[in-house]
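Pasting a structure here, questions to come.
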Amino acid sequence: MELSNKRWSDACFKKEREKALSLWPTGREVDTEEVIAYHLSLPEEKNYGKVVRKAKLEGHTLVQPRGGVALIDEHIKLLRCLQDEGGADLLPATTDTYTRNMKFHEAQRGIEESIATGRSMLNGLPVVNYGPGKVRRVVEAVDRPIMALSGTPFPRLTSEITIAAGFSGYLGAGISYPCSYIKSMKLEEGIKNYQYLDRLCSYYAEHGVLIHREQPGFLTGTLIPPGIGIAVGVLEILLAAGQGVRHYSVGLAQNLDVAQDVAALRVYEEVCQHYLKKAGINDMFISVATHQWMQAFPPHEAEAFSVIVMGAIIAVLGGATQVITKTSHEAIGIPSMEANAAGVRTTRKAIEMMRKFRLPLDDEVKGEMEMIRKEAMAIIDKALELGDGDVAVGVVRGFEAGAIDIPWAPNVHTRGEVIPVRDGKGAVRYLRTGNLPFGKEILEYNASKIKEREEKSAVNVDYELACYDILEICKPCV
Amino acid sequence: MELSNKRWSDACFKKEREKALSLWPTGREVDTEEVIAYHLSLPEEKNYGKVVRKAKLEGHTLVQPRGGVALIDEHIKLLRCLQDEGGADLLPATTDTYTRNMKFHEAQRGIEESIATGRSMLNGLPVVNYGPGKVRRVVEAVDRPIMALSGTPFPRLTSEITIAAGFSGYLGAGISYPCSYIKSMKLEEGIKNYQYLDRLCSYYAEHGVLIHREQPGFLTGTLIPPGIGIAVGVLEILLAAGQGVRHYSVGLAQNLDVAQDVAALRVYEEVCQHYLKKAGINDMFISVATHQWMQAFPPHEAEAFSVIVMGAIIAVLGGATQVITKTSHEAIGIPSMEANAAGVRTTRKAIEMMRKFRLPLDDEVKGEMEMIRKEAMAIIDKALELGDGDVAVGVVRGFEAGAIDIPWAPNVHTRGEVIPVRDGKGAVRYLRTGNLPFGKEILEYNASKIKEREEKSAVNVDYELACYDILEICKPCV
Amino acid sequence: MQKTVILGVVGVDAHVVGNKIIAQALRDAGFNVVNIGTFVSQEDFINASIETNADAIMIGSLCGHGELDCQGFKEKCIEAGKGNIHLVVGGNLVVGKQEWGSVHDRFLKMGFNRVYPPGVAIKTVISDLKKDLGIACED
Amino acid sequence: MQKTVILGVVGVDAHVVGNKIIAQALRDAGFNVVNIGTFVSQEDFINASIETNADAIMIGSLCGHGELDCQGFKEKCIEAGKGNIHLVVGGNLVVGKQEWGSVHDRFLKMGFNRVYPPGVAIKTVISDLKKDLGIACED
């Protein structure tokens, strides 16, 4: 099948499905008719898309934790704790990295060793090994919608299993994850894998079942300039739209610079809708999700709480509909369920206290918005141009040409020439722009901002400083 | 001595000092010459006023915890922990309530029982019982300036002792504390007691020793409308100025409504300087201090952290030079030193992440600023008018007339007719304005805002709701 | 018959907000509340209870000195011939975050009939009080 | 003589930031760094060390699967005739917040010579490495 942004034909989709479902025995348990009936039997409050839509309408910010452990019963305990002790609005099932890399035998070993040692030996829930039947126990044990969180370039079987289990949301997209979660997958393959997922969701939608799609947007989570983050998000929503998806969250990681973070959240939907409209799509529901600090966290718990609350506040100031939370254990390891719930609860309280207050937009913030918009549009326009109007092709060529690039990514097919660094005020700029298709205005603005830092601190802004900036927030403040 | 805002004569001051220093044997240890020499021997970094002045210049927000325990050695441990583990910029010595009420015998019993039981039986450090010699050990054990925090209407001896011990800051003022920390003291007496303190600081200033004065401003800490809080602050700075003080912090408690809290911080100094100028004073250094939530705290620690970080962020958004911290133990009891340090550290981290970002002022915030200014000025103008231009007299008459009133105060000489309540957005308004000298504009604005809440929530805004509002933040968010 | 309770905050303690709110709630619940406010000495509590022939004394202590301020109170009640009066205490009774069980015990030993932790729900206090004073509860 | 170290992230682990930063730091400290990046199998580590005749293997493991991914590594080194190579491991080695002492022990038992906790200072790693490989330190 040749890569393009056309919707997969029924025949082609069917063929691919058969392959996917035979990747592991549990795939055979998926009975599409039955899955549809099951979803339709679930109450509205358990549907991700509906809960998100309602919140967006009310201007409310939903709290969405991450989390997954090796064993089903333990995972149920975790989700109940997040729901009852944390007050989470949306619930997660983070999969383990073996599952993410289709190493189901290793995942099986992880399950067994977890049972033997009495502690979770896996960094997530191996949903595929369990199969839809067992995973449904999780859906039935809680009162909120569940999303599969699986940072993987191989979402096919995982999405089949989790949707069959009754999950109504799926996080991931074909540029973000292949770039930051694997070493050597070609963009083309990653895009196709997520086209599968989007096509699957669109299929379910045709049958009355709303599976909300969410784009991660944080990429490597490492000082991603918002222009790049948004460009990727827009390209991914266009790809999803190509397969028929109409219910989508776009995400973005916080960089902990209030003005820039808020500016990015404020322009995000607008840029998406602009390109969707150009592609003739006028009926996409979009929600904006903000990820609390995705980079190296401070090990000290009091400081970690600060980063978390700050993240909640940025979410509200920026009018995001979802905020994805971190915990005070972040720097060390997978959080205990109590720590995870505490992260949710502290976030929720902050949202409550913020009383839907939005950051007033003065010239500075508006200036940031303008610049982010321009950066994102430069990248997207170039990709579309390189693809002769086809996004999928454009993305592949864009990466080849370095017109799209992702800082600090492990995938060898990202050039990695772009290096982010903070400016004098704290906003994320570019130490090197690599081959990004930026015009004079953007380049000069960027250079002048970096110069401001050099003048202010009398320090050279170089690679060493860029590394320093990555560690800035995790450094003890005392 | 008749009440007025004139500076006390040397003779009168001397007479009063003799009385004060004889209230308890340790008063005799104060040797003014030696105290001056001692202060002059301390490094700049240990001088409160100098540290505050530098921070204001740099636009930096200093972190200032509270704290005090029964025994000197334990207090030293506490301050070292606040300094080294918390990163406090300024250090406290909160006195116990016996000391605050001059019950030195009871304080002595508290010291003894604390030694006997091995835990602090007092809610603060009984500085007077120890006397300046012992308290100096505290000054010498740390590297930051220390302020005496003594919510008391009787500051005379406590200030003598703590200044003699080397403290270079003193929190408290003649309206705030007499109104909220005692049941039946007349305003006149409270004002005189703090005139003593201000006169004392002015005396030291004449001899080259800068003792920074700070006004608490939080009053009863219970939904104080910022107009009232600022009015009291301005009246108190005028009283301090009357005795010759020229280095002053004005404080205000946060109400956890971002727009209104920031608006209040932004107009505060300006209103102060306006009235100082009218009084012919052009050389007052003013710093604005914001108090993290002073009312009933959530018992759940994750929620408490949220309130604290929110407080740090409001401080920076509002450009405050000092933020006074709370802890995750607040709802329960005097915090352990670790919890206290954690509150400082979480605050500090938030300040760091805020990177001096100030809230842009849009029409809404500017509107709040304007209204706060008008409310404060209405009260101050009325007080000045009632006092025939003398602030001290005006304050007394103002309280009598109900032109100044403090919600939820224990002092029977406050009318307590004013009852605060939140509006539809969360800002603090007046359910009842009592006899406050508010004109039509303020009253109508207030009424319209309350009506907005009624319409939005279809609930009667009444006394019951006002009580509910007091408990809002401490209610579990889950 | 309407029951009379003395309500106040003991010692040199200025925390009045809870006191005012509880007073109102007790009145709404049908009690005759004699609220003597803050800064109340042990003697003032006892005198007020004698004067009004009260059924219960309800002591608030917030500032942390509850342990010192309540020492010997029961004994004084007995001396004054009020040994049977119902004694309730609540607030932030001790200094710092202590294990509640042990705090509770300490105050029971001091002779209090009911001891409440920080932030207790007022309706719990009221329903206990009704039970203890033999008033029928609606719920 | 310049020492050669193999650096990589074991298993299906994509955390590359620390890897890149440590590689640079080791180079700045004078090592010959063969950085084989992320997603490295046990076999790849050993092969690279044989090919380059390396003095040390430095394994990063961030994602939490370190315990599973490092099982039997020492034995494989011995089999491959590299039983004496210096073995270093660091990162977020296990799932969750566990008592460090016991984690440290577990990895020592597995045959690693140095085991580092999350967020270790890179300069500590380097100065230990110099010591362990017999390189004189300036400081």
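Order of writing sets the labels: A, B, C and D. Residues in every chain begin at 1.
Keep in mind that, in the parts below, contacts are C-beta pairs under 8 Å (C-beta built on N, C-alpha and C of every residue); 3 or more make two chains touch, one makes a residue touch a chain.
Since the structure is predicted, the reported quantities are computational estimates derived from the model, not experimental observations.
Engineer: Compute the distance, rounded to whole Å, between the mean C-alpha positions of chain A and chain B.
Structural biologist: Here the centre of chain B sits 45 Å away from the centre of chain A.
Engineer: Could you put a whole-Å number on the gap between the CA centroids of chain B and chain D?
Structural biologist: Taking the average C-alpha coordinate of chain B and of chain D, the gap between them is 55 Å.
Engineer: Which integer distance in Å separates the CA centroid of chain A from that of chain D?
Structural biologist: 30
Engineer: Report the inter-chain centroid distance for chain C and chain D in whole angstrom, where each centroid is the mean of the CA atoms.
Structural biologist: Whole-Å distance between the two chain centres: 65.
Engineer: When you check chain D against every other chain, which residues touch at least two of them?
Structural biologist: Within chain D, no residue contacts more than one other chain.
Engineer: Check each residue of chain B and list the ones that touch at least two other chains.
Structural biologist: Nothing qualifies.
Engineer: Think of each chain as a node with edges to the chains it touches; is that a line, ring, star, complete or other?
Structural biologist: Looks like a simple chain-to-chain line, open at both ends.
Engineer: For this entry, which pairs of chains touch?
Structural biologist: Those chain pairs satisfying the definition are A-B, A-D, B-C.
Engineer: Quick one: which bits of chain A touch chain D in the complex? Just the residue numbers, please.
Structural biologist: Those in contact with chain D are residues 96-98, 100-101, 103, 106, 109-110, 113, 119-123, 151, 180-184, 220, 222, 295-296, 299, 329, 331-336, 339, 408-410, 467, 470, 474.
Engineer: Along chain D, where are the residues that touch chain A in the complex?
Structural biologist: Residue list for chain D touching chain A: 11-17, 20-21, 24, 37-39, 63-65, 67-68, 92, 94-98, 118-119.
Engineer: Can you tell me which positions in chain A touch chain B when the two form their complex?
Structural biologist: 84-87, 256-259, 298, 300-303, 305-307, 309-310, 312-313, 341-343, 345-350, 352-355, 357, 359-362, 364-365, 425-426, 473, 477-478
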